[in-house]
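By letter and in written order, the chains are A, B, C and D; residue numbering begins at 1 in each of them.
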Amino acid sequence: MGVVIKNGTLVTALDQWVNDVRCEDGKIVEIGPNIEASSGNEVVDASGQYVFPGGIDPHVHMELPFMGTVSADDFETGTAAGVAGGTTTIIDFVIPQRDEDMMKALKWWHEKAEKSVADYAFHMAVTWWGDKTAEWMRKCIDEEGIPSFKTFMAYRGAIGVFDDELINIMKTAAQLQGLVTVHAEHGDQVVEMQNKLFGEGHTSPKYHARSRPTPVEGEATERAAQLARLNGVPLYVVHVTCQESIEAISRARLRGETVWGETCPQYLLLDDSVYDKPDFEGAAYVMSPPIRPLGHQEPLWAALKAGTLHCLATDHCPFNQVGQKDMGKDDFRKIPNGAAGIEHRLALMYTYGVGKGWLTLNEFVDVTSTRAAKIFGMYPRKGALMVGSDADLVVWDPEATGTISASTHHHKVDRNIFEGFKVKGLASHVVVDGRIQYRNGDLKVERGAGRYIERSRS
Amino acid sequence: MGVVIKNGTLVTALDQWVNDVRCEDGKIVEIGPNIEASSGNEVVDASGQYVFPGGIDPHVHMELPFMGTVSADDFETGTAAGVAGGTTTIIDFVIPQRDEDMMKALKWWHEKAEKSVADYAFHMAVTWWGDKTAEWMRKCIDEEGIPSFKTFMAYRGAIGVFDDELINIMKTAAQLQGLVTVHAEHGDQVVEMQNKLFGEGHTSPKYHARSRPTPVEGEATERAAQLARLNGVPLYVVHVTCQESIEAISRARLRGETVWGETCPQYLLLDDSVYDKPDFEGAAYVMSPPIRPLGHQEPLWAALKAGTLHCLATDHCPFNQVGQKDMGKDDFRKIPNGAAGIEHRLALMYTYGVGKGWLTLNEFVDVTSTRAAKIFGMYPRKGALMVGSDADLVVWDPEATGTISASTHHHKVDRNIFEGFKVKGLASHVVVDGRIQYRNGDLKVERGAGRYIERSRS
Amino acid sequence: MGVVIKNGTLVTALDQWVNDVRCEDGKIVEIGPNIEASSGNEVVDASGQYVFPGGIDPHVHMELPFMGTVSADDFETGTAAGVAGGTTTIIDFVIPQRDEDMMKALKWWHEKAEKSVADYAFHMAVTWWGDKTAEWMRKCIDEEGIPSFKTFMAYRGAIGVFDDELINIMKTAAQLQGLVTVHAEHGDQVVEMQNKLFGEGHTSPKYHARSRPTPVEGEATERAAQLARLNGVPLYVVHVTCQESIEAISRARLRGETVWGETCPQYLLLDDSVYDKPDFEGAAYVMSPPIRPLGHQEPLWAALKAGTLHCLATDHCPFNQVGQKDMGKDDFRKIPNGAAGIEHRLALMYTYGVGKGWLTLNEFVDVTSTRAAKIFGMYPRKGALMVGSDADLVVWDPEATGTISASTHHHKVDRNIFEGFKVKGLASHVVVDGRIQYRNGDLKVERGAGRYIERSRS
Amino acid sequence: MGVVIKNGTLVTALDQWVNDVRCEDGKIVEIGPNIEASSGNEVVDASGQYVFPGGIDPHVHMELPFMGTVSADDFETGTAAGVAGGTTTIIDFVIPQRDEDMMKALKWWHEKAEKSVADYAFHMAVTWWGDKTAEWMRKCIDEEGIPSFKTFMAYRGAIGVFDDELINIMKTAAQLQGLVTVHAEHGDQVVEMQNKLFGEGHTSPKYHARSRPTPVEGEATERAAQLARLNGVPLYVVHVTCQESIEAISRARLRGETVWGETCPQYLLLDDSVYDKPDFEGAAYVMSPPIRPLGHQEPLWAALKAGTLHCLATDHCPFNQVGQKDMGKDDFRKIPNGAAGIEHRLALMYTYGVGKGWLTLNEFVDVTSTRAAKIFGMYPRKGALMVGSDADLVVWDPEATGTISASTHHHKVDRNIFEGFKVKGLASHVVVDGRIQYRNGDLKVERGAGRYIERSRS
């Protein structure tokens, strides 16, 4: 079998050059000029197109049980939508309930993920601290290929941890040379404001946003950074959305700390006027942290450009308007939090990041793929165009155009928060594990073809 | 009876002018030129001297049960030492134990304080949240003259509160138009570091400082400011010691928040080399927050000058080296936290603040007296030189010199953390409630003469 | 003669209390309860009203020759408009031309100012550096009562100074213990942008604002603060308008520097949409710095509240739309810079500052009067309610309402940049030098009654 | 001939992998496993060693006429010392005198540089603005391969430019899509302080440092960044030394500006106690900006790690103690500014940067080579390990140790500012243009073998 991609402009986080690439048995086996296709090789003419390492989305939730329902994309449909958009590897989160056995939850996640069409890895959420937690964390790193631990400062009373638990997690991760990732919102304050607003008779989606304004996130980001500093652990802040969090991360980095920041297309491209949509349509945008007021988007782009933020994820976690989001019709607190995005990440970033001059092509590859691979211990198996790397590749047509819509997307959900967004730049071919699974709009994936990726310490 | 002070230079937070002052029946009854002393009036010639409103120390702990012992100055000796140094009003803290009835604790504090030689008021510490707490807080303000509530983010497991409790306190204080004051240190992180250091075999006093470095305080100050912002309550941060806390307060104020900051002479004048003293003498300096490394003192002075910090208190809370501090001989965690200072506050501030050009005379009066009176609802009864104000006055000899020592101080404790400090500028006479109680080194006070001051909302 | 004000609530920068005030021979001679009016005394019943020290506007330009014309209010009409609004003292700027004899310019300003109806002082602008400049500066302080020197970083090629000149001015002022005030805009960059925009065919008023955006001011503020620091001189930054300048001032103050900041009602209350007015009406708002985009007004209020800005001036410098502003009909660079405001300063500040909760009454008095008196060496003759102070007083009716309009204002100019603004709180009586010159809308002033005020070092 | 390097660990700014490298005709012609050496190929066994792209020093001054003398290393000795330390490309600065023809100066620099032993490029200093300057700048980019322009805000009266000149340079560079680099110190203020200190009788080297303290640099960095922002040009700040400059750069980057920062080993590793050396030895450390007080070194390391600073240069510009530095024996203002460093850049950075954990190996390659190649338009000819790149390579022995000394260095100067510094990690072999010119301590270079490198826009 095998695939030969001819005459493309290869782009890595560092370089850009014209070459051919041969993939065999799921690996890149040759990069060079004038590679002759063997018989049986499929040949892609990539003239005038870019070849990127396959996208890595380090923040997704497939079939997540959450707020009394389950997120709408399962591992099959979710990874398939990713492939359609050029993302060939995801990192999902194993999320045990409070008091649940971490290893048992991991087992269940493995079962759910088996149907993935592309490769997947896991972060482990540490949602409570018990006698066995440190040992479980050790096992995750030493035996399960999971060196990154997710913590929630939000979601008090559910999967959120108390500060003393967070400290134990950080301390343990530091000893194990692992990484801590954090959802930074002050959980107690959110609960307080939710109940206050609801008590005042405010029930509609926009009060979701009002119940968790930017200081809620800025404070928690500062706190997480200071605790990570004091406990000697590297920190990765997921879905950064606002100026105050950027400043907290910048302060930490200028003190010499290892603090990474992630943001998502919705925070770069939308503003909180979305919550004013009539007919409960604002519910589609209910996620945590929420979409922010105008004035935060440009600082986020600037922070990506400046290297204060590092990865572009989606927090893909869709819920249908009908049957899921409408559980919170009369109470914004009950609207399941999350939206879809995995399919559009690269196209949006290319169009509005590279296209508007915020990012170079190298930086585009870095934030959508390479940096995540490095931070999370999959490099250079993933995120690289090197002989020996996994044959996950995107052939990118910079001139292709499209319009995002729920009516055409591959997400298994009834709304799209980027409905109507124009994009210029789309994948023409996507190679997954050495096989072309997407060709000019035609998605052919294989249920269960995806493999679990064990990660190392970064 | 009565007192007439002649020819002094009166100094307020705003003005400076030469005039005479007559005090009768505990009040200032006349300010003007050429006041004739009536028969029975005692006359003080204040030529060449300043007349200040009596000092107010808004942060002291007399006979505080703490860490298994009781602070060494009781209300009599502590207020007497204050008078000797020009401080005529204190605000002490009622500190209920977790689960204790706030009103019962208040009653006990009233009993303890009756022996005071000068006027006193109370802050109420809210050390836990229960069903009755909101109602107790209302009573404090409406019936007990206590509109300010102290919260501890440190001292986890004892009098420290959790963030959800802090939010409830702030929310309630906001509704009642009260003020929240905060001891800002991350309690859980301190416990973690204390145990870690002790576990590594570190037992001596300097590890007290190492277990609560500046980020512990900076983080908590930021958190307190953000929570106060979100809950709509004015905030007063006690004993600010470091650059990071100053920056957090400055950020809050430039956002438009009402956030006040307090510091103490020990943080302005000492550095953490004190913990290297041999023979367990470092224990004398064990307090929380601890004395900071070189580099924080000048920013604190600058912040006072800039108006980012506002009050100068002492956190007076002495423990004897013999019999108290030595409880922690083998474990720094058991050294009672605190030191004496009430007697020297004005002299140190005058010598090193006014004398070094950091503060004008008006600012000196402001930070040592007037601002506390205003913030804490005692103005213009206290902190002012106005007809009708309480006759609490200090006649200040700017040329008098002295050397601070445990062998000469009026504190009832065996060490002085300012031992050997030279001062220039000392009280020559102190008028308390219209009576001269200190005359050129001669302290004559009356047990029980002090009155409880009910305060209003500021 | 004489005036007795009865039952008013006296408000100073520090205090608030009910008392009577007697003025004789241009001085406050008595403050106390139940003052009996002598025969010949005029009595004002101030029950339910405030009594403030007369307003001080530290930044005005009367009959200033500027940009080929002369500002529309002369010293008579300008000071009269001030009195109508409660401002009883101005500080105008003597502005020599480049190479002009400073002392000659001063003489001319004295001649122009003689017709003032209320007291006036001068800042001296140092617009070039020559052999005699240091000696002239010495004379200003020692002989002329002018201890403050204005420098322009803008207006390159005219009255703007080069940095080496600014350094000489600062160094000399430091030696003389004077104060440097600065108009902070990067002059060369403004010229560059003006010419660029004009060269691109942009001629209308809004390009005035675009040619001097906030970084032009922020940069210069930082530079001025750093140079003042290095040359050891206190600095006063006039008309601060934007976030970046506030931050530069805050940084300087937190380093311990003496840096004061001033802002004006137009920067607190208007945004740059004013430049979009049709029919060249935007020209009325052409001033330097220009009115800023939305987003800067709240930070300015917050900075006033926080004490990072200190004085509220007007930069009063009106030009008529017809015959003056229209000189720049075809070239925004030729629109005379400036607008009127002296009459409305107190009413706007009271309505939008005190009324909206940004300032306490004491702070209102401080920023509109007392602080300027202190910084600029007129205290307590001006800015105070003390026996012996000048009898400049405002009786303020907090319930009076009005609407600002060019059709009713006392400014001698055909437009009002606050046209249509509602105010609540207006002067009912204004006492100037012991004489009531404004009574409930009736302005009776005396040409030439104003006196030159010699100022001291602060 | 050709060279084959076997079994080394190749390290780029992105990757690290074991491979062989073949160089022929000055180019890298093959990278892969098991490369067979042809006859005539020299083979280097790099087992256990790293292979880096040759170092690029973007800031050196060879045989620079300066302050009445000429810097001690000429292009031959200077580039040779570079080769000995692993630096195979330099960027020197053509520095016309004020009013001198830029093209004439360029011609002279070309003549001087012909004797270089390794490749060299030029920045063009724009030291004055005249009618022809814009055209000269165009020629530099379009015809001479020089797209970067150096400006001096220091050195007022000599090669320093005024702000209006700087603006013209920036505007022109923006139009030409060039880059502006800046030496950021406030020239006028330095002159003022130099003369003040000298006038007070201070003549020794340490007053050089006192005459240009950190605010002098911080201010200028802020100003340069703001002017670059307003004129739309990317900016590169050379030799950043202090916290305030880092903060100015960070602010600019977080606004979205393209601002790069460079620092040098001396600022990372030395503190200003060097100026206290007896016998005029402090003169060896006289450079501008000067070595800074303790407290700035760690922030510089942190800023490199954080990506707020980007390149590591040397500002190599040595002067002999005897015969050159001693020109300023009696006047610190006359000590020629500069010191040697090109030979030790990689070893110091490896030892103290990689060795202490501040930088990863990839980051080490980035800051010492790749980033400069990219910013300055030489990538991937220089700074890369790619087929087709110039065969400039360093084989690096991470276990080799040494001690820096003037008695052993290859710089042609009698002092070494790193005298006695231990290093671990040294070049074992250096390949220049495909030829091994340094082998285990044996330096064999060829006068005139270096070529002029024309650079493109980045």
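General observations
The criterion applied here is as follows: a contact is a pair of C-beta atoms (placed from the backbone, for glycine too) under 8 Å apart; a residue touches a chain by one contact, two chains touch by 3 or more.
A quick note: this is a predicted structure, and the numbers were derived from the prediction, not measured.
Counting steps between touching chains, the shortest path from chain A to chain C takes 2. Centroid distances built from C-alpha atoms place D farthest away from chain B. Centre-to-centre spacing of chain B and chain D amounts to 54 Å, using the average Cα coordinate of each chain.
Each chain gets a centre from the mean of its Cα atoms; for chain A and chain D, those two points are 39 Å apart. Inter-chain centre distance (chain C to chain D, centres taken as mean C-alpha positions): 50 Å. Along chain D, no residue makes contact with two or more other chains. Against chain D, the residues of chain C that register as touching in their complex are 156, 162-164, 167-168, 171, 186, 188-189, 191-193, 213, 215-216, 218-219, 222-223, 226-227, 229-231. Interface residues of chain B facing chain C in the complex, by the touch rule stated above, are 12-15, 17, 246-247, 250, 253-256, 298-299, 301-303, 305-308, 358, 370, 380, 384, 386.
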